[in-house]
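Letters A, B, C and D mark the chains as written, and numbering starts fresh at 1 in each.
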Amino acid sequence: MLNIGVIGYGYWGPNLVRNFSESGVAQVTAVSDMNPERLQLVKKRYPATRTTIDHRDLLTSNHIQAVAIATPVHTHFTLAMEALKAGKHVFLEKPLTETTDQARQLIDEADKRGLILMVDHTFIFTGAVRKMRQLVESGEIGDIYYYDSVRVNLGLFQPDINVIWDLAVHDLAIMNYVFDQKPVAVSATGMSHVPGKPADIAYLSLFFENNMMGHVHINWLSPVKLRRSMIAGSRKMVVYDDLEPSEKIKIYDKGITITERQALYDHLVGYRVGDMVAPQLENHEALNLEARYFADCIGKGEQPANNGQAGLEVVEILEAATRSMQEKGCTIELNAGS
Amino acid sequence: MLNIGVIGYGYWGPNLVRNFSESGVAQVTAVSDMNPERLQLVKKRYPATRTTIDHRDLLTSNHIQAVAIATPVHTHFTLAMEALKAGKHVFLEKPLTETTDQARQLIDEADKRGLILMVDHTFIFTGAVRKMRQLVESGEIGDIYYYDSVRVNLGLFQPDINVIWDLAVHDLAIMNYVFDQKPVAVSATGMSHVPGKPADIAYLSLFFENNMMGHVHINWLSPVKLRRSMIAGSRKMVVYDDLEPSEKIKIYDKGITITERQALYDHLVGYRVGDMVAPQLENHEALNLEARYFADCIGKGEQPANNGQAGLEVVEILEAATRSMQEKGCTIELNAGS
Amino acid sequence: MLNIGVIGYGYWGPNLVRNFSESGVAQVTAVSDMNPERLQLVKKRYPATRTTIDHRDLLTSNHIQAVAIATPVHTHFTLAMEALKAGKHVFLEKPLTETTDQARQLIDEADKRGLILMVDHTFIFTGAVRKMRQLVESGEIGDIYYYDSVRVNLGLFQPDINVIWDLAVHDLAIMNYVFDQKPVAVSATGMSHVPGKPADIAYLSLFFENNMMGHVHINWLSPVKLRRSMIAGSRKMVVYDDLEPSEKIKIYDKGITITERQALYDHLVGYRVGDMVAPQLENHEALNLEARYFADCIGKGEQPANNGQAGLEVVEILEAATRSMQEKGCTIELNAGS
Amino acid sequence: MLNIGVIGYGYWGPNLVRNFSESGVAQVTAVSDMNPERLQLVKKRYPATRTTIDHRDLLTSNHIQAVAIATPVHTHFTLAMEALKAGKHVFLEKPLTETTDQARQLIDEADKRGLILMVDHTFIFTGAVRKMRQLVESGEIGDIYYYDSVRVNLGLFQPDINVIWDLAVHDLAIMNYVFDQKPVAVSATGMSHVPGKPADIAYLSLFFENNMMGHVHINWLSPVKLRRSMIAGSRKMVVYDDLEPSEKIKIYDKGITITERQALYDHLVGYRVGDMVAPQLENHEALNLEARYFADCIGKGEQPANNGQAGLEVVEILEAATRSMQEKGCTIELNAGS
């Protein structure tokens, strides 16, 4: 049984506490938050859990082997570094850090100490995203043409990060998990509509090798809520609509067929239309699975798929996209997290 | 009664012939097409209409006052110029021409001769788009934040123009009609997935003054067909779904409220949520209305909203977008058709 | 090449003329309608077709081997009987006749003369309905639990028949084609909301043997248009939504599993949930296929699936349902068209 | 602050405990359940709440002024009667009782003792249903033509009540609340597909005076989950889709217009099509509102809208519908709960 402490009991912290508590492999020994009212809430729901306004109480406790950190992104680096130096495994909210430099330091520190550093890319633990990875890996989709995602709704404006860091992070984590290839360049556009606030609408284009493309539309100013991604390949096409109560994944036996003609350099395009299948998906709470995976990786001393490196690769794109957006779409090369 | 000749009886020509015939204000005197089989089809459907494989027969006819041209885009300039020089009013398929330079020459020629030059921006004659313009003009939507459009489906690949020229042209024509402001710069990304063919997927970002943005996603490789645009403003938000059998336009009384705080440069963002209204729209065939409008403009000697200048403004963006796409998103300044 | 005459060029007649003309196996030699204006329309569209206000001109013509009748239902019997007596094969609009007695007389007359009598049950020629029949026949759906259909919209009120005869006829024809079993009893409820007019909303319950049930909701007073049927069986369940542009048929690998327990008469119910498949359907115009089928049956001297007997079976249910509705749902036994 | 005891902590009981606890006007003093495991769950979540396997402990407690009963329907009468006789106000799960006779006895007992008897018709506390009542009451919908509801899904089969008692009870409670008129007769059809089990699919037709009709389709064997009701009136039409995340209520300015013609008894039907409005609805948890309403009625000594009489009126229809179903749709007269 893993003893874990949770730092931060704001918007997401309660989900972490609940899921680690119900994971069956961990118990939440203590929770810290700077706001005493939030701690009272913990006490009411979990009378046996220790609470404190000082997160260092968790780091100095011998009982606690790991901490989960759910605080604003500008505090991630400092808190996680403290925790690693105190010998704790770290489960850190996404995005991992504010900069790639910070991310690299955390990775190094964890490596040096043989500790697990895991970033909370929750979506990769959903049945839908796991199915997409399986479809890509098995070759069922064929060569990938593009990943296109729309993630828009009204609000919530974040005070200090732009809409890319708030919403696109999900799609970047999904792409990081589903595809082997890493993007080599990014172009982004976007805009703020509230004076002095970060961009509330943005568009990211990602360039991969082998004629693959990614695109993410994120938006805090949409009248309707949409969560829809498409993957098109040479053999199949997939639509993932996360707001569908069932049938979140639809696999279309549709596409183009390319025939080379006698004449050099000329190709004929044909169309293929077949059945659509909505496969039955694993039905579990993603965060519960992720909590158990974290405990499992610690137990076995294995690197998780969503380790610091995965977090770094996402942060690198977020950084580059923000810079491209400031330069009105100018392409920024990526180093694929190296 | 306007006597009109139609050049080109391929994909779109039959719609022109039918709608001009049924307009009540024009009659299709002659149709030309280089393919005799297409002309037989005309004969079968309209026994009284003259047919010819040589479009010049239409231009030399004294009975014919105007021609409608529905041929591939690379023939637009030459055919339209011939027609204008023969003293005919011209109704020209979109996009107007292959280049802005060609567009300017046609505009000059028409001006010089006092002839009407109209580009077939069909969508601006739909009840839905006219309603959007009215909502914007009346101030009901408030300051415009963005126009975002998704226009995707499987195929049809065009042999010689990319997906921007094929599909984005509709959104550019709609924006040209609905908004007063003109874009000042464009950034585009996109890709081809068939060797030697033009781009089949693309994303256009348009920058306007006053914090307004436009974005168009066009795609020939989508498993599902989508035709959805959103306009968000400071007072209302609109969703236009052209595939909805009824309720194509939905107006949301939703948005953000911005409160200036005491402290300089700081703003509070609030949310406003109210009713949604799907207004009853004018119900007519867009092309029929457009045919009557063409005859009307000729009769009154008035410039149409979709005149050569509107066509030029759209072509300028298409040109710049294609260039930006080749440069992976690099921003291209626009001169707003001047 | 079958020479056919069409009687009635009102709402549906133009579809018959067009589809027989384009069938490739028949030509429409003559059209009759009591309204000269309708005949002018024929002349304009089909200059080579003879027109007449007297349908008897068609019956006395030696060139004409068959007639298609698309007139109000109260004229069906008289016109069809005249045609049969004149030795013509008959293609008759649905519902076949106003009464079962009339239907039986037509069947007898056709039989006696060796002529084809076919009722226009258009839906059974759609790819969707044919797929449903195939799923039922092959046993893929298992034992049938029920067929449930909703067919509602605003208007059009018919002057002399109630909503059952106008809309339920489609579902009865579909059930007649898809299922082997025939209903043994019917219960119907419904109501008129316009003084002096026939019922505008109705509900039909059909009882079959072997625990199978049918239900049809038809309604001229619905704010939304719905065309959705469900078939549930012991192995699969099917949803048929005719308003879906694609994916009209969805097959659900869902259902219950019944386990007999030790204790006599006791059963445990479990649930089975699996993939959903939307099969690619044949894509053709139903009426075109039906026109070719009619010519084919005449050529081969074979009874069509939608022959007089099928029409009679549907009329028997319409008759009984109307009577049950007048008696507020009281069950009426059926003789399955015998 | 009302002290309440909850009897039954199975499927629905936890919702009652949570909502009464969070109501701000009541506290759950004690919970009883015959299953000790369920009580341990209570202890874990609410350490301060007393638990007992004997519901009589609640009835003899002087601290407890009211009980909420969430047990199987066959225990409702006995438990509620005991509670009333012990001087407790009673909040009773729907359906109120197994028979109208039982319902009348409970009503009498509550009246005699001046106690509040309330049946848990949760839906009438939703923003959507309250909006429908307001639309009907204000005359905005005009004369009511019908209420039509579809409430279907796969499972859960109830062991001892049929699908009418399980699902139609919701629609009957909604109709009871939304409309002034009471139904005067009912016809029902339905069927069981599991040997020895109650009906799993059923259709209810309700007859009102003034040409108003009701219909409810309830079904445990549907591959898709549907929760959709329509109300059509002479002035407006309403669609209520409870599965819509937002826009649950849509009001259509659609309908027919009836014009009397000169000739006696003859009417012309026209169609009216206008805007659709989806009004912003009150957004609260229905059960929370209901809990506060219960406490409020007790405090003021006022009869709730969903009192024993409302529960009786619903049970009368359930009883009659079950009987009609056994008689294959034969109409049963209702006494409107008198």
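Keep in mind that, in the parts below, a contact is a pair of C-beta atoms (placed from the backbone, for glycine too) under 8 Å apart; a residue touches a chain by one contact, two chains touch by 3 or more.
Predicted model only: the values in this text are computed from it and were never measured.
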Exercise. Which chain is most remote from chain A in terms of Cα centres?
Worked result: C
Problem set entry | Chain pair with the higher count of C-beta pairs in contact (A-C, A-D) | A-C
For this session: Please compute the C-alpha centroid of chain A, do the same for chain D, then give the distance between them in whole Å.
Result: 43
Problem set entry | chain A and chain C: spacing of chain centres that average the CA atoms, whole Å | 53
Exercise. What are the residue numbers in chain D that touch two or more other chains?
Worked result: 273
Problem set entry | Of all residues in chain B, those that touch chain C in their complex | 47, 225, 243, 245
Problem set entry | Touching residues (chain side chain C, partner chain D) in the complex | 145-146, 148, 150, 154-155, 157, 185, 187, 189-197, 201, 203, 205, 207, 211, 213, 215, 217, 219, 221-224, 230, 232, 237-239, 250, 252, 254-256, 258, 265-267, 269, 271, 273, 324, 327-331
Seminar exercise, completed: The residues of chain C that touch chain A in their complex are 247, 253, 273-280
